[in-house]
Amino acid sequence: MSDVFAFALGLRHKNADDRVLDCLFPQPLIHPQGDLAEAVQSVPSGCTELTPEVAAKLAAQVGLSAKLAPLLERDEPLVAVKLVDDAPITCIEDAYLKLHLLSHRLSLPNSLNLERIFAHLPNIAWTSAGPIDVNDLDQAILNARSEGLNLEVFAVDKFPKMVNYVVPTGVRIADASRIRLGAYLGEGTTVMHEGFVNFNAGALGPNMIEGRISQGVIVGAGTDLGGSSSTMGTLSGGGEIIVSIGEQCLIGANAGTGIPLGDRCTIEAGVYITGGTPLVVLDEDGQPVREVKGRELAGHSDLLFMRHGLSGQVICRTNRQAIELNNALHAHN
Amino acid sequence: MSDVFAFALGLRHKNADDRVLDCLFPQPLIHPQGDLAEAVQSVPSGCTELTPEVAAKLAAQVGLSAKLAPLLERDEPLVAVKLVDDAPITCIEDAYLKLHLLSHRLSLPNSLNLERIFAHLPNIAWTSAGPIDVNDLDQAILNARSEGLNLEVFAVDKFPKMVNYVVPTGVRIADASRIRLGAYLGEGTTVMHEGFVNFNAGALGPNMIEGRISQGVIVGAGTDLGGSSSTMGTLSGGGEIIVSIGEQCLIGANAGTGIPLGDRCTIEAGVYITGGTPLVVLDEDGQPVREVKGRELAGHSDLLFMRHGLSGQVICRTNRQAIELNNALHAHN
Amino acid sequence: MSDVFAFALGLRHKNADDRVLDCLFPQPLIHPQGDLAEAVQSVPSGCTELTPEVAAKLAAQVGLSAKLAPLLERDEPLVAVKLVDDAPITCIEDAYLKLHLLSHRLSLPNSLNLERIFAHLPNIAWTSAGPIDVNDLDQAILNARSEGLNLEVFAVDKFPKMVNYVVPTGVRIADASRIRLGAYLGEGTTVMHEGFVNFNAGALGPNMIEGRISQGVIVGAGTDLGGSSSTMGTLSGGGEIIVSIGEQCLIGANAGTGIPLGDRCTIEAGVYITGGTPLVVLDEDGQPVREVKGRELAGHSDLLFMRHGLSGQVICRTNRQAIELNNALHAHN
């Protein structure tokens, strides 16, 4: 077993005061084994700026010589980041490394220690000229203008967008500004223009995502999120329950959930289910079995949620028999 | 009558392996007549790369000499695409030509044969350096970085955004990333930041669009889509019914429809009507006439849909008398 | 007291026909006093193109020498805009000056005379090469292509995005294309990817904004707008009532309001309250007190709006006693 949690060679942008703005890791490693483990053994743990010789040697050992050739040729300063274990974040470089691990599909959302990430990521102006210290932006806009250039500012945020750093295979992303670095997009996932995926959140693939995947939320294979559908995040009022959505679910357009769902669940377009929503559960014959709060159904499979057009009642249909259903619900109480 | 369905002179981007990435047609023709028909007669059908002489001659004949002058001067390779009929799509060039026909307002949504378009459009990284083969993107990011440049990736998708290719007259588009090439935006249409228009979909104009127009959906003159409102598409769970919205309608913010609407219809903010929604129809005096499913009202005019705040019932008000209404509903059954 | 309402030194883009496209004011002044008032006294009112000498002198007097140095060195033509009072807008320069006053936090939304702003702002193509006259765009795309360059079109709109002109301190903006110049973002405000802020609208800060702040809407300190939540604007069907939201409110995801709210109000996720929504008010013991229309609760504090999952009724809970509540409601009738 490896005694290194993660390792990567990367490139940083810095401002005029030598403050690090971001970090790009073209091919991070998790739990490096064998030759790779040996290669990184001599590297100190933490963040190390490399001499050109060491950079070239390490690049060769971790299989990055070809990719990094244009940088190595110019003696572009490279950095090595070696994390011995998955501890809370202590600097911008290890924050970026963990976000890369997620987007490179080397770690699943909620599997990494991201404690203190907000404290260590600086607020950056993401521009057509690359990342700029937000304090330097005013002057940068005027300087560009004096040279007859346009400086386009895309965002002012702690997190960059994923695709400037990582483009996983087999995905389509209609509006890249809506996927943060640290999103996990599985093979076969399409994120349409209205879709959004936060860091430490993701779709395991294949998925059609036209809704919002909040921080901490994982969506299973074959599940579709309709346009503007919402998954409640723990960062924004969702409370203690971590929402997740199983496989083969369909969350309708403008619908949403504040509870985790199992597999093969459907929420009708325009209906929002929260933990506190009182609703009626119907059995396979459409007969009412019980009144419950949304949270009592958390994680169950084969549920169809809708609000009835005539009674105004939120109902949950299932394909199970009343007795089986009653037992299942009791088991979760 | 012309024996040519469509013709255009265009410009392509290719990758290093000569694979075509996209195609720009500054002024496509549909059913060319008279002199134009004669000009294109000698061009073989399908996609033909032109010699500089032929390119210059054709450009003059189809009225593109001035526009294309900077390209012709450099002997930039041009391509001619001639479609004899509106057959299924066979290559990227004819896919792009049909998308241009829609955005140039030469064809209405749902009037073109777009069969196999997904199969022939490659997945492209749309970047600040233009389209890049998605397989070349990783290296392109590093190469840019080694030259001190920023490569901004805007999307990874089969469809580009419209305004890099076509900007129809008399429109405003607040966020261009949300309008795909192949969208049809009529004169006088404003698409606000929350608006979205897919390919083969559109607003006939004038319209205020702050909601989503899904593939295949057409919105009539004078109709407003409120913020985040949804039209259900056939590509994503809308089933067999093609949604369309007539003239002078108002779809409220966060509302949506899975059924086609006639003229002068309103859906209250936050209400989603699907084909399966049970609802109560009220006559001009507010008296209940009938319980129906949403789909029975498909295509009717002068309807106001809301969910009552006290009964929770979805109701549909109209300005018609009960008896007239009953007949109209029967006629559609 | 100052006899000048506002003053600024700025930079304009023009097209080939000398038509002004936009205007950047790095540091506008409102009601300049003392030395500043004296400095601008000699400047004619309205819009004046400055000679290099006058520009340099004025820049020094208003404290902009350092910032504008790269422009002054090149004798870049600067413009002075001096508004004696807050009159209706008469040209593009004073429109831009007022939009800058808002985004620089020098004026609150709804405090400026913006009459005729739509008439004086031209429709512009906002591109990677800066603003382009929309009539020149087709040719600009082809010219760029002939030079092997990509011209990226970000928007075709009367209003530019804020952050290309003003980046207020202490804010995060995840997708800059969704904040128009003229938005007011107070210290400590985060606008997430789904957030939107129109011109003459804003969040006083600190706020977490994941919903849409329509033109004319102000959101108070400590209030959160959930993902895709909606505030109804007067420009788009909201009618006469100007919506505002007080302090410490929470508008749930996919929820919305067409009425102004006081402090500490909550709207449950997925619920839309309009002025016409009939609903039941419950007192602190959960007992029904009265049926009202939404508009009767306009501006009240300490309200919780939800739609009950079993009755389908829209209810409004409060922490007040029935009798107190009844009086408060009567007072507003």
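Order of writing sets the chain letters: A, B and C. Residues in each chain are counted from 1.
In this section, a residue touches a chain if its C-beta (ideal position, glycine included) is under 8 Å from a C-beta of that chain, and two chains touch if they have at least 3 such contacts.
Quick caveat: nothing in here was measured; it's all calculated off a predicted structure.
Counting the residue numbers used at the interface between subunit A and subunit B, under half appear in both copies, so the two copies meet with largely different residues. The best fit of Cα atoms from subunit A onto subunit C calls for a rotation angle of 120°, in steps of 5. Averaged Cα coordinates give subunit A a centre that lies 30 Å from the centre of subunit B. In subunit B, the positions touching at least two other chains are 128, 154, 177, 228, 254, 270-271, 307-308, 311-313.
The residues of subunit B lying in touch with subunit A in their complex are 123, 125, 128, 134, 137-139, 141-143, 145-147, 149-159, 177-178, 180, 196, 212, 214, 228, 230, 232, 236-237, 254-256, 258, 270-272, 274, 277-280, 291, 307-308, 311-314. Contacts from subunit C toward subunit A in the complex involve residues 11, 24, 26, 67-68, 70-71, 73-74, 76, 127-130, 154, 161, 163-165, 167, 171-177, 193-194, 208, 210, 224, 226-228, 250, 252-254, 268-271, 307-313.
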